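Quick one: structure below, then a few questions.
Per-chain numbering from 1; labels A, B, C and D assigned in written order.
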Amino acid sequence: MAKKPIQFQLNGSSKSVFVEEGQNLLEVLRREVGDLTPKLGCAQGACGSCTVLIDGEQIVSCLTLAETVEGASVETAAGLANGPTLHALQEAFMDGFAAQCGFCTPGMLVSAKALLDKNPSPSRGDVIEAISGNLCRCTGYEPIIDAILAAAGNGHNSAGRYSGSGRQS
Amino acid sequence: MPMHSQVFSQIGEAAHALSSNRSSRYFGGGTLVMRQVNAGNQSFDTIIRSTDPSLKQVQISGDQVIIGASVTMSQVIASRDLDFLKSAASVIGGPAIRNMATVGGNLFARSPYGDFTTALLALEATVALSGGRSDVPIADFLTQRFREPKPLVISVSVPRPRDGNAFRFLKIMRVKPMGVSLMTIAAHLPQSGGRLANPRVAYGSMGDTPIRANAVERALEGKTLDAQGIAPALAVATEGITPRTDSIASEWYRREVAPAHLERLLLGTGG
Amino acid sequence: MIEFRKDIFADERDDNLNEIGKPTRRQDILGHVTGRSPFYDDHQFEGLLHLKCLRSPHHHARIRSIDTKPAEQMPGVHRIIQGSDVKVNLNTLLSLMNFGEDDEPVLSDKKVSYVGEPILAVVAETERQAFDAIAKIRVDYEVLPHVLDPEEALQPNAPLVNETMPGNAFPYHEKYNHQKLRFGDVEAAFAQADHIVEDRYQMSPIEQAPIEMCGAIAAPETNDRFVCYTSTQALFFSLGTAAKVLDVPSNRLHFIGGTVGGGFGGKVDSLHEPLAILGCMLTGRAVRYAFDRQEEMQVGAPRGAERWYIKDAVMNDGRITARKFTGYFDVGAYTRLSSYAIIKAAGHLPGPYTIPNVYADIYCVYTNRTPATAMRGFGITGVDFAIESHMDQIAHKLGMNPIELRLINSYMDGDMKAHRREAKNTALVECMQVAAEKSGWNIAPDFKAMSSHNGGEGWRSEIPHTVTDTNGQIGNGVPASTVRPATTSIPAYVPSQNPSYAAPPAQPARPVSPPTPQSNVQATPTAPPQASAPASSSTPKRPRVSRFSSISGTRRR
Amino acid sequence: MTMHSGRGFAAINYPIGMNLGGDPSQALVHSNPDGKFTVALSSIDLGQGMKSVTRQIAAETLGIPVADVYVDTADSDTGPHCMGSFASRGTHRVGNAVIEAATEARGVMLEAAAEELEVNPEDLVTDGKGNIHVRGAPSRSITTAEACGVAQFQQGKTVSGRGIFLIPLSDVDPDTGEMTPVSCFAHAALVVDLEVDDMTGEVTVLKMNSAYEVGRALNPRLVEQQLIGGAWMGVSHALYETTEPYYPDRSHGPQDFGSYIMPGPGEVVPHDIAILERPAPDGPFGGKGPGEMCANPVLPAVANAVFNAVGVRITDLPITPEKILRGIKANGGAQPQGIV
């Protein structure tokens, strides 16, 4: 089986790997490079769990032919944190209880980052549009939308939803 | 068979490779072909692509705009020259898919996909093929798109509507903003003296391919674009059309709701 | 917005706790937001092989022959696994709890009973090679007639779906082709009812659709053991199943899981672990077996379809005096966990209401479709849809406020439930009151004043005289579906010959503290003992080989 | 086109756990010498929060801060047997096993502390902040870390505990269905407001108001996660989902997430929830397990609201626009039932 050498930047580090012809980027990231943050949820491009950024644009890595990222810059959820310092989105997801099983979370965060990189003050509608290709089966989306808005500093503090103890009307 | 991948810098070489290998597929943005590769589809073992820069171009030529086959939906949305197609490009998949899916690829999408092609059909676009004709009417192209030798699309020429408001597009989805089409309607509704002149209406997800609603077009000719004027067209909304049945809806349902959605599109009260 | 109604049931709670009741962050949240939570597929192995199954294209077919030769020669193919490679190639999940007979092959190379049923497995170096090899395998099928509707499947001449299950129904207690619930005398109540309200409810199959798909990776471990990373919802269920079908001691298997990308019931079936381990045993390499999304959608077990018929006896004042159910769980070709869901449903009826006469026959029916399994609310969701839709139909018929109708019939502390246990710790009344208040849905003051504490008066706490029958009896060589119904009373439940409590006399609705229907107190027969010996003492006891026996009558072999 | 408003109600109870019993779960708890505890389970966290809720239960029982507990699951070599995470059994069954194990470990910790403080163990209390002191005399105290240290290095005691929770398997009477099906019930009532488009049958869910009784909200945010997400799933089941759209016909089964439709972030329904807590006598701190019941009331409430909106009774899930439209046509038009 023919293998092709490719080189690309992954979260700022140079990677050189051999890829099989016809292999998708998700498989290469996970099996060849060892970045396990993009998740395999369908291999049909419909769930968004494998979302990564190529040159700043969000794509689904399961439908991306690996050899086409030659020379490109790839960002995954593994590149969100700056060392021990978490990205504001990660903090907001933690505060806002925006993850349950956690499987869609990396893809969701990457889509949210693509949004905030271009639009630091998104509306709720912008957030919905940005994550519309990312499926979540646990949360009902609301905490995720709130967390992204909170990360954007839009005055939507997702933690504020919880009214604590005692009866409130 | 193990998968092979071939890349050509010249579109002509790619076209030759494609036409000379029956078990090959042309790879545009990947959203259709990679899915089949991932699923182990046995009908092809070679993917062919081209990095020819011409495929990425958007050019104005007279009253036509020529869109390279590799132009993505996101690029359509971002292009000022393609403003009239923004409504169609914006409902293709989610943002990640729009960064990948191409104009050329959409021509090969099977129902319930192919919404952008539905828009092109209503605009009477023509398709330019490598090593073949440069002005294949899109309706003709759709009937032969899966035939051998496989056509390689270079670009699509779209007549730009004189009046930007004359082009209408409505994709009916049960899930919004990203969802599969229940029915897609594209209409080009030029008017002359307050009456419709040469209106064109196309449906997506109503058959195996996007199709023109010929009876609707005839019924709209010379009419005013108001409730009274469109009434005859609504009455023949699905005349000559056998809507498809799929997991989203049955033929019966599509036939039943087509007039309602057509009305909403024509009167501008939809979605 | 969430509000906590700490004012309700306040005297039953100590809220002064240190950690309980606090909105503490999830222990796993940092792993989730950094993408480092270790799901089963996030473990990497040198030389990982991939397993894919050849699946049936037919609803029902006998397999005459299989030619695997061309596939064996294909590049990258390490092994083709057939049914004969599986030591114990027949299993039922609940055999781990001694419930039911083994009825499902791991690999079905003799007969297939649903589209997508696995026939054999190919282990290859890449998924593509496995797909390519499968495409080369030739299977000669003799297509058989199939049945897809559960009521048709119970007809005498229906095709037999599952050889272990004659009559296409799970045998309950080795006695009936369905699970019975009998409480009081519904027919007498129907005769005296002001209204009869009947309808049929249907739930189609639903996919659990966790975003992480089901799968497992098995690899050789030191000292002749095998490690298995799995997405299972039930670690020891999967371990026990693998140990059983592969006939290996459980301590040679090391299962690791626990971080799972959603399940919702779809990850209990333990289909992947045994084959991944077997592949590993046969090749000496790490083997991954996972569904793809298409398989998840159509081959992975869904929440099965259910069909419910409900017939209610209703009085003009809103009291429901009898409720009769006939339920069909369309469980597909094999049992999986469905036989249990029917028991759960039987214990749940007639829903959260105190109805003096209840009757249910619930069938676990085999059809030629994907086997069904658990999903969030297993055994309950479908019948709750039926019951609560039906309650609204009754309210509509009587022109009543649907919340008040439910409050009139609501179960409360001390009420006798149809499965003959006292209701305790109930809170239905309060939930209805709060939901009504929040939504601005007005209910009369009497109903606002109700309390779950006020149940159990008079007839409400009694077990009524009960009419039983032997419909659907199995055995004696008579096909279950041809057995004639016979109705009898169990004498043990009828110490006096007074008429049963079929329908209480018309009386005002009982919003606050339901009045005791005086005329019937005396008539209510003595309850059988409620403690640990549930079966009536006069019911002939079958010899018990184990304490599990009365559920299925079948011990694990 | 007319949009018709409708309102529907449903109330449910939910039996917690595998109803027949016979489904044990076990837990092991032990401390390091510095008083940091590990809970070993083989139970599964599917996202429902098993690790988190058992951690809080262990901390509460041990009388130490939650930060001093880590839950390790699921490894069959180290975690004792558990039947699994399904049937809403996790919180209830595993929680009880953890309480038993943590209670035993706490007993050893207090014995060690008592020996150091030269008092009876019965006279000792924990403050939940890492200290053990004599009841009524806070100054006579020792930290939990010190107690665990001396237990292991000076007194030769393992600060550990074993727990199992088992409801024995209940028999079922073949003729009457008499059984002891469950240990406790959770409850819910829910009101749905929606609109139906009488030209297309499409439903837009506008609002949900609900009350859920969960025994005790062991962690209110985890309960909120379950209820919000579960009610979303209920809307999805009610209106969208099926693997067999033409059941019992097997044709046109969805093969992907394009054709298996579920509402997305654009269809989020505002949902106001009231949580009631009537502790279950046999639940861990009264907790019942809210994971499964949350979707159940939504399905019939939507059906009832659709009837209220257009007078069409859909008895066949999912409630697709097609079924509604067929009903409207059969009735000769929408028949709004009026404000309830």
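Here is the rule we go by: a residue touches a chain if its C-beta (ideal position, glycine included) is under 8 Å from a C-beta of that chain, and two chains touch if they have at least 3 such contacts.
Predicted model, so just to flag it, every value in this text is computed and none were measured.
Colleague: Tell me which chain's centre, taken as the mean of its C-alpha atoms, is farthest from subunit A.
Modeller: C
Colleague: What is the distance, in whole Å, between the centres of subunit A and subunit B, each centre taken as the mean of its C-alpha atoms?
Modeller: 30
Colleague: Could you please state the distance in Å, as a whole number, between where the Cα atoms of subunit B are centred and where those of subunit D are centred?
Modeller: 47
Colleague: Go ahead and note the Å separation of the Cα centroids belonging to subunit C and subunit D.
Modeller: Each chain reduced to its C-alpha mean, subunit C and subunit D end up 18 Å apart.
Colleague: Pull out every residue in subunit C that's touching 2 or more other chains.
Modeller: Those would be 1-6, 21, 23, 25-26, 28, 75, 128, 209-210, 259-262, 264, 292-294.
Colleague: Would you please write down the residue numbers of subunit D that are in contact with two or more other chains?
Modeller: In subunit D, residues 45-47, 49, 220-222, 224, 230, 233, 245, 253-254, 256-258, 260, 262, 264, 266 touch at least two other chains, as defined above.
Colleague: Quick one: which residues in subunit A touch 2 or more of the other chains?
Modeller: Within subunit A, residues 1, 20, 22, 42-44, 46-47, 97, 99-103, 128, 132, 135, 137-138, 161-162, 164-165 contact more than one other chain.
Colleague: Hey, how would you classify the chain contact layout here, line, ring, star, complete or other?
Modeller: complete
Colleague: Spell out the part of subunit B that touches subunit C in their complex, as residue ranges.
Modeller: 1-3, 38-40, 42
Colleague: Mind listing the subunit C positions that touch subunit A in their complex?
Modeller: Within the complex, subunit C touches subunit A at residues 1-7, 15, 21, 23, 25-26, 28-37, 39, 41-42, 44, 48, 75-76, 126, 128, 209-213, 259-262, 264, 292-294.
Colleague: Using the touch rule from the top, collect the residues of subunit A that touch subunit D in their complex.
Modeller: Within the complex, subunit A touches subunit D at residues 42, 44, 46-47, 97, 99-103, 127-128, 131-132, 135, 137-145, 161-162, 164-165.
Colleague: Please output the residues of subunit A touching subunit B within their complex, sorted ascending.
Modeller: Residues 1-2, 4, 20-24, 43-45, 48, 51, 57-60, 62-65, 67-68, 111, 114, 128-130, 132-134 of subunit A touch subunit B in their complex.
Colleague: Along subunit A, where are the residues that touch subunit C in the complex?
Modeller: 1, 20, 22, 30-31, 34, 36-44, 46-47, 49, 76-78, 80-81, 86, 89-90, 93-94, 97, 99-106, 109, 135-138, 161-169
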